[in-house]
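As written, the chain order gives the labels A, B and C, with residue 1 at the start of each chain.
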């Protein structure tokens, strides 16, 4: 329900602050588990509760993940960084300060490349600047009693399971210009984090949370407008819709002569609108100061390069390679690389040798993006859990390319392969599905068909060429679809013409 | 009597651990109505622990070094299952589900917990008068304060209610009460002792240390409590030497530095005389007395009273009525509940420091106050670096005055703060420092001298203090006060 | 240099979540002014180019291994809460102004 602005919208300026939960086993500063979804207040200990006398000690895996994430988004890793206390009172924050990084973040000045594909399949890549990546601890969760949200609640219940889970906050530069780009930026960040294996990026569970800063201005050269913060989007499409809604809302307001308030607005999924949360409480004063309980972090060039060497190939690089080396379309490359296990499967399949040769990448891509993806989605499976391995898929494609089975037969045996695995060749053998490529055999069947359908033969010869399809159908029916279609057409053409 | 002497008697079966424990519990019963050193006496637990020591002794086990030694612990160190209040209404009923590292190490070494001692609320004060549960008295004169914030521990040791005690020192909170009560108080190098389980006041300054009747006993306790701790990331990863070794080493050639211009403001003449006499005695023991400059020494208080309250304002934010401690159910909503809880749960001194710290960190003031103080802190540290090129240890009085009368400074916070002038710089620079008795004023109240050492130079500090102590025999000539038990009462 | 008014104290008290009665605010204003006035002597110290000190004895890169160690004291922790409700801690309603 995007409000109409009457004319074309103004130009948007968008920046994202993305909180990525790092997938370590234990919390950032203590040995409690980070597991999601357990009984409230299970993954707690005296440190999580902020008990008097408890102290934080940094999880070394958190540091490694943060540095790898920083390197993956092309940031400089700080040779010296430190933690600070950010102070504000809220019952989900056990110490009433959050250990964060203020003026010396672990990583700064990076960028990522995003690719937006329009309706015609044209891809357009843009480089989005990253201002910083810093570490901090997550807060707990509040369940509001007497209402399903904060407003109208009679009391709240506190659960500290999430409190103290490591977060990397990634702050983009205001380089995004549309809801589409904002959503794609978030999606690309998630892809990168997943490729790195540093986060599951699950938005529903809150492992990836995006806040948007958005303003509009009449044109690209105008100064930035008053920015509004958007929260509560828990999908990429929600990010896109919230931005689009907000662009239209702000544009309309300004055109109507209203001022834009600097405020936080919540995206409401039910009404598909943003609504004002509150005017900022007299601009919060977080009273940052260096965390005395934690010494500084110094990352040596050696350590940094060792971590860099461990980085996997990242999604953007893969997309380029799939297009440049394997000849896929930009769209296909993007779909395949969206999920790392899928891309890995693809790569294993196209590098598997069948009879000493590799198979066609485009064909493998089509199978993966078509029937196999449909199967995975329908059964909510990961490609890793598929009984059909990449070698099996390669063999299937080879059988088609080598003319041993038709595409139709391949589709026929696919369900068995997907459900039980096994080798395509053996299934073809066992079920007698190999293509009939013997011309004599096909000649004989064609002769029978022509004899059985004299009227159709006459009509064909009278100029109704389309009837060849009828004969192909009859032929396939008779052979259970196994006749070599090319050969069958050849022979039929010849015999029908008489 | 020293720990080593009690240990010998215990091992020789001249006394059992239970008898030893009962002796001290008896003294607490006898004198604590007047001294009020303890907030909580854990008699039954103490006797059970003592019995366990006796059982081990009877079974012929080799006992750890502090086996059967009855100790008192400042009530800002968390003791599992034993109420830990920080002398605050906020934590009046707080029973920690975990043990501080230092106390855990004491119990592993066989020591016996007699009880938890009084302090200024959250260790903020210099007299124990800010305790929510009433002030302690100085055993030498019950009209006087025992000093603070570890006043309860100092008074308990001085009154002979325990063999030794632990305190904590953020700006002098071990050394000043040690001086006021005529006992030994050691603040180790920042990071020498774990802070896990020490309720934080100012995290970058807090250190736990012993209050004892002799330097040797301080070394005994430091041996047990010092050393790396994986639960405190600021604890130093340096091996712990045996601090009881080398206490007698000859001092010839050792350079003792007197800090120029640090003794001028409001120094009691008796203290000046006493400390100067101590310097003469050290010279007689072969030390070279040199003068050193620490031009920013005097800026310590101003620096401290920005940094400590700033850190405290964050450290004390956790007391919000949500997770533990006091909750005042009042008004409507969580914010009001927290604000009322903190208004009623904290005493005036704690509130004052929270306000100062919040102010010093707030937008518009953080550079002028907090950032500036951090920079001056660097200058103070650098002064010491230079001083330690010229001297091996530094000598100052511990406090500009002896124990003052209760109530005297209660309404003048700044006057109370200024009394920390001489102890604060060691905290700011992270240096080890010890206070030992060096004489008495005209009223018969003890005077303490302070020795400051270089980073991790506790051994040398203890060596100088011990040799001086043995030579000067200050306590042997003490005008005995009614509440102080004589040294060997058995 | 610092004139501390009751309004200043009220503002700071709000930041620090202290609901102070008026007479306390008045007392604290005077005391804070005295203390901050004393502390303001630091302004006279030349600190041009001097780095700040957070910890006097510095430690660098202190970390722990990423190992989970489930708590043995969950019940004790929850029982510390002034108002426990099952697996939760209960607090009064949160009012957003």
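Just so we're on the same page, a contact is a pair of C-beta atoms (placed from the backbone, for glycine too) under 8 Å apart; a residue touches a chain by one contact, two chains touch by 3 or more.
Since the model is a prediction, treat every value here as computed from it, not as a measurement.
Novice: Centre of all protein Cα atoms: which chain's centre is nearest to it?
Specialist: C
Novice: Counting only C-beta pairs in contact, which pair of chains has the most of them?
Specialist: Ranked by C-beta contact count, first place goes to B-C.
Novice: Between subunit B and subunit C, what's the gap in Å when you average each chain's C-alpha atoms?
Specialist: 23
Novice: At what distance in angstrom does the C-alpha mean of subunit C lie from that of subunit A?
Specialist: Their C-alpha centroids are separated by 41 Å.
Novice: Nearest whole angstrom, what separates the Cα centre of subunit A from the Cα centre of subunit B?
Specialist: 58
Novice: So which stretches of subunit A touch two or more other chains?
Specialist: 46, 49, 51, 57-58, 89, 91, 96, 156, 158, 285, 287, 292, 294-295, in rising order.
Novice: At least two other chains touched by the same residue of subunit C: list those residues.
Specialist: 15, 17, 52, 54-55, 59, 62, 64, 73, 77, 80, 89, 91-94
Novice: Please list all residues of subunit B that touch 2 or more other chains.
Specialist: Expected reply: 94, 97-98, 204, 230, 233-234, 313, 317, 320, 322-324, 334-335, 338, 358, 362.
Novice: Quick one: in the complex, what on subunit A touches subunit B?
Specialist: 46, 49-58, 85, 87, 89, 91, 94-97, 156, 158, 285, 287-289, 292-295
Novice: For the complex, which residues does subunit B have touching subunit C?
Specialist: Listed in rising order, the residues are 94-95, 97-98, 189-191, 204, 230, 233-237, 296, 299, 301-303, 305-306, 313, 317, 320-327, 329, 332-340, 342-343, 346, 348, 351-352, 354-356, 358-360, 362, 368-369, 371-379, 381, 413-414, 417, 428-431, 455.
Novice: Quick one: in the complex, what on subunit C touches subunit B?
Specialist: Residues of subunit C touching subunit B: 8-9, 12-13, 15-21, 24, 28, 31-32, 34-36, 38-43, 45, 47, 50-57, 59, 62, 64, 73, 76-77, 80-83, 89, 91-95.
Novice: Which stretch or stretches of subunit A touch subunit C in the complex?
Specialist: Listed in rising order, the residues of subunit A that touch subunit C are 24-26, 31-33, 39-42, 44-46, 49, 51, 57-63, 82, 89, 91, 96, 142-146, 150-151, 153-159, 277-278, 281, 285, 287, 290, 292, 294-298.
Novice: Sort out for me which residues of subunit B touch subunit A in the complex.
Specialist: Per the touch definition, subunit B meets subunit A at residues 77-78, 84, 86, 91, 94, 96-98, 100, 195-200, 202-204, 230-234, 310-311, 313-314, 317-318, 320, 322-324, 334-335, 338, 358, 361-363, 366, 370.
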